[in-house]
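Input: structures, listed below.
In the two complexes below, subunit A is the common chain; its partner is subunit B in one and subunit C in the other.
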Partner chain A sequence: MSEERAQPLQSSLRVQELIYGLRISEVMTSKVFAVSRNCTMRDVQTIMKNNSITGVPVVDNKRVVGIVTMNDLMNALERGSMEESVIQWMVGEVQTLAEDMPLSFAISAFGKFPFRQFPVVNKKNELTGILTFRNINHALIRELSRQLRDMEQRHEHPPEPNSLTLSKVYQLSRYDFENGGKASSEIKKFLKSRGVPPKVIRRVAVASYELEINLVAHSNGGMLGFDITEDRVKISSHDRGPGIEDIEKAMTQGFSTANEWIRSQGFGAGMGLPNVKRVSDEFAIESAMGMGTMVKSIISLKPEKEHED
Partner chain B sequence: MDLLRIVDALDAELVHGPDGWEKINIETVFASDLMSDVLMSERDDMLLVTSLSSEQSIRSAGIVGSEAVIVANGKTVTEGMIELAADQDVALFRARFPKYDLCVLLGRLLGT
Partner chain C sequence: MKISEIQSLEQFTCVQDQYTDAELTTGYTSDLLSDVMGNADEGSVLITIQAHKNTVAVSSLAGVAAIIICNDRSVPDDMLAAAADEGLAVFQTSENQFNTSALVAQHIGGCPAA
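On to the complex of A and B.
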């Protein structure tokens, strides 16, 4: 396959495929070692040494005001300033992550910023954890083993040949309009072959196609996942940014950031996301600037939900 | 109304038609170059008339279950569009008339 050109972005996408659905809070280290403003670099050194860690957030009333990394510690050591306050040596502008963000956003953050760890905060902006590559590796191994177990189980108990169960992930690249729509066509054919009513198929196809177009037209690339059971179709779209500045606006019919080229392709009228919501029984969207956007759409396959049409 | 009667009246040329396309039933027409609008439609037995000669037109038709597409203004139809039409079971036509003229003709033909 042509997409096998081992680009870093592609491989990060494969990682995302494995862990999509996980939240940062499920993966981070919750036991955080932090220091207050009046601690010295010597205190930080002791904490790092005793706990084998490489970064210590500086907090003021549970809010993160800075971070001291191994690098800062070595600088202080070189200058013989170990008794000085952490304020003199910490990095003040800290990029934090929100604990309820999808883990895929964090992976984008690691790609975008040079930091090796990110303090994680809750809704009140209080420090609740720290996220390092090690956490992501662990999550990956955990997910890999889980998926292997699932595969083994599926091998032992293969699903019925006409089962509605399907789980599939498609990758989409920026401006690849040629392939935008392939996933929707495949899923549509699958549902048709399983005898799902045409009106329901249309809703699934519309949601999925709008999301595909969004991925190729507006994102830096991403993936579209389908998780189909007897009861419902769940579609998840994850991308690598740039993120939506104002979700409320993006959900307004007619609002669009599309350029002329996208419009020349017949899109960019500002109807995409509202249209996905319209056909969904459940809809959710999350976005963070510079990190990405995640959209979830659930369409029920149970007949009683159909009366809305 | 049968698709055959409609395309005859519009003097549209067949580019690709699945078996039995002549008998496809058409009840409504959607004329648009904006696929975002097409994707909002809820109609059944719909003919899509568009000046947007691109694969996205065929895809959008397929997504909303429209079985026939007429490309207006005598625009060139690409190989990719024909392949997609075959894959999606969409009957594809090209008409030399502009979209407005096609709509006028269709209005007379299907008019209430």
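On to the complex of A and C.
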């Protein structure tokens, strides 16, 4: 028996990777029904019934101060307290999501918290939407049909056999140092076979390998996606947490949270993310504690954009 | 110096000899793989005590042409197998990293920093 775990289909990983990269604001329901502090549970019941929804945020001057769910409503109903203010029955400590977060963070949040919906807020902390499982399912279906359309198109117009285009997604698990490095090595071979200059390949290899090792050494697992066109290599890394506490520190050479075991594997020098940034033409990192980290690195393949190494 | 010339020096034992001989113009001495990844020159010889399969992966991605394992550290079989796959030469020595670096520098025509 082979010890290697079967990798899911490339196409399903691709869809997952695509929806991970969407912003919460692209997926959430923007038309939100909210109530103010002085509304009653009866008001909430009417709103839920008329709009077939299961959660209504309570706002004070656009800021979320609580949420009333179906559960709270049942409790109030049972006690005959439907005329009481929502303040008495709402859940006050609400976990909100920021609208510009990647959807992967929201998916982790659904796994981590028992809530079935999250109020979404903008930078000013004002309520702008609500995110439910349903929104995620819709996004999934949308990306699935887009993927199918792409597949059909590729079937009708197959790309040139030796073209410099490739999309590939790799799944990586925590502490799987055995497989960490496979993706980078495959991508390197592909670029070499297409005659990309060694200096550029080296930069792609550095970025990709460091991100791969980060997923294995520091995350609870995640995926590494490659999107290669004639012009550029785009690498994106999404993980399921734990999130980076201080991004600025993580971007500092020599800072590392690696444990002894990771260090015994030769890693944890605190150069990973700084190395990725150094070789990238475009670099972005986002992280939220308990939800995940997303890193994007773009390396240009156009010769005119010489990178000073 | 050529990779094969390391093989002929008495201080070094070749433990993985399936490689294509190439000219070494410089070396890099480090035990931190990210450091090697970020800073080792293409076509250099890596001087390290990090005898691990991951060292081969990093060397191959960074374009390192040969690896010297110092202080007589034992080289695990899976590292040798990976090196053979990648066509990377691996040597072993009882010398430490400083002496090995000095020795290699002598043979590549002096210390580059001098």
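Note that the second predicted complex is superposed on the first by the 291 of 309 C-alpha atoms of A that agree within 3 Å, B and C clash if a C-alpha of one lies under 4 Å from a C-alpha of the other, contacts with A are read in each partner's own complex, and residues count from 1 in each chain.
The criterion applied here is as follows: contacts are C-beta pairs under 8 Å (C-beta built on N, C-alpha and C of every residue); 3 or more make two chains touch, one makes a residue touch a chain.
The structure presented is a predicted model; accordingly, all values stated were derived computationally and were not measured.
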| item | value |
| --- | --- |
| Clash or fit, subunit B versus subunit C on superposed subunit A | clash |
| First (subunit B), second (subunit C), both or neither touched by A:266 | both |
| Which superposed partner A:194 touches (first subunit B, second subunit C, both, neither) | neither |
| First, second, both or neither for A:42, with subunit B first and subunit C second | neither |
| Contacts of A:209 with subunit B and subunit C, given as first, second, both or neither | both |
| Subunit B versus subunit C as contact partner of A:23, first or second or both or neither | neither |
| Intersection of subunit A interface sets (partners subunit B, subunit C) | 177, 180-181, 184-185, 188, 198, 202, 205-206, 209-210, 265-267, 269-272, 275, 278 |
| For the subunit B and subunit A complex, residues of the former touching the latter | 33-37, 39-40, 42, 52, 54-57, 59-60, 62-65, 80, 87-88 |
| Footprint of subunit C on subunit A - complex, ascending | 177, 180-181, 184-185, 188, 198, 202, 205-206, 209-210, 213, 265-267, 269-272, 275, 278 |
| Interfacial residue positions of subunit A with respect to subunit B in the complex | 177-178, 180-181, 184-185, 188, 198, 201-202, 205-206, 209-210, 265-272, 275, 278, 309 |
| Contacting residues of subunit C [partner subunit A, same complex] | 31-35, 37-38, 42, 50, 52, 54-55, 57-58, 60-63 |
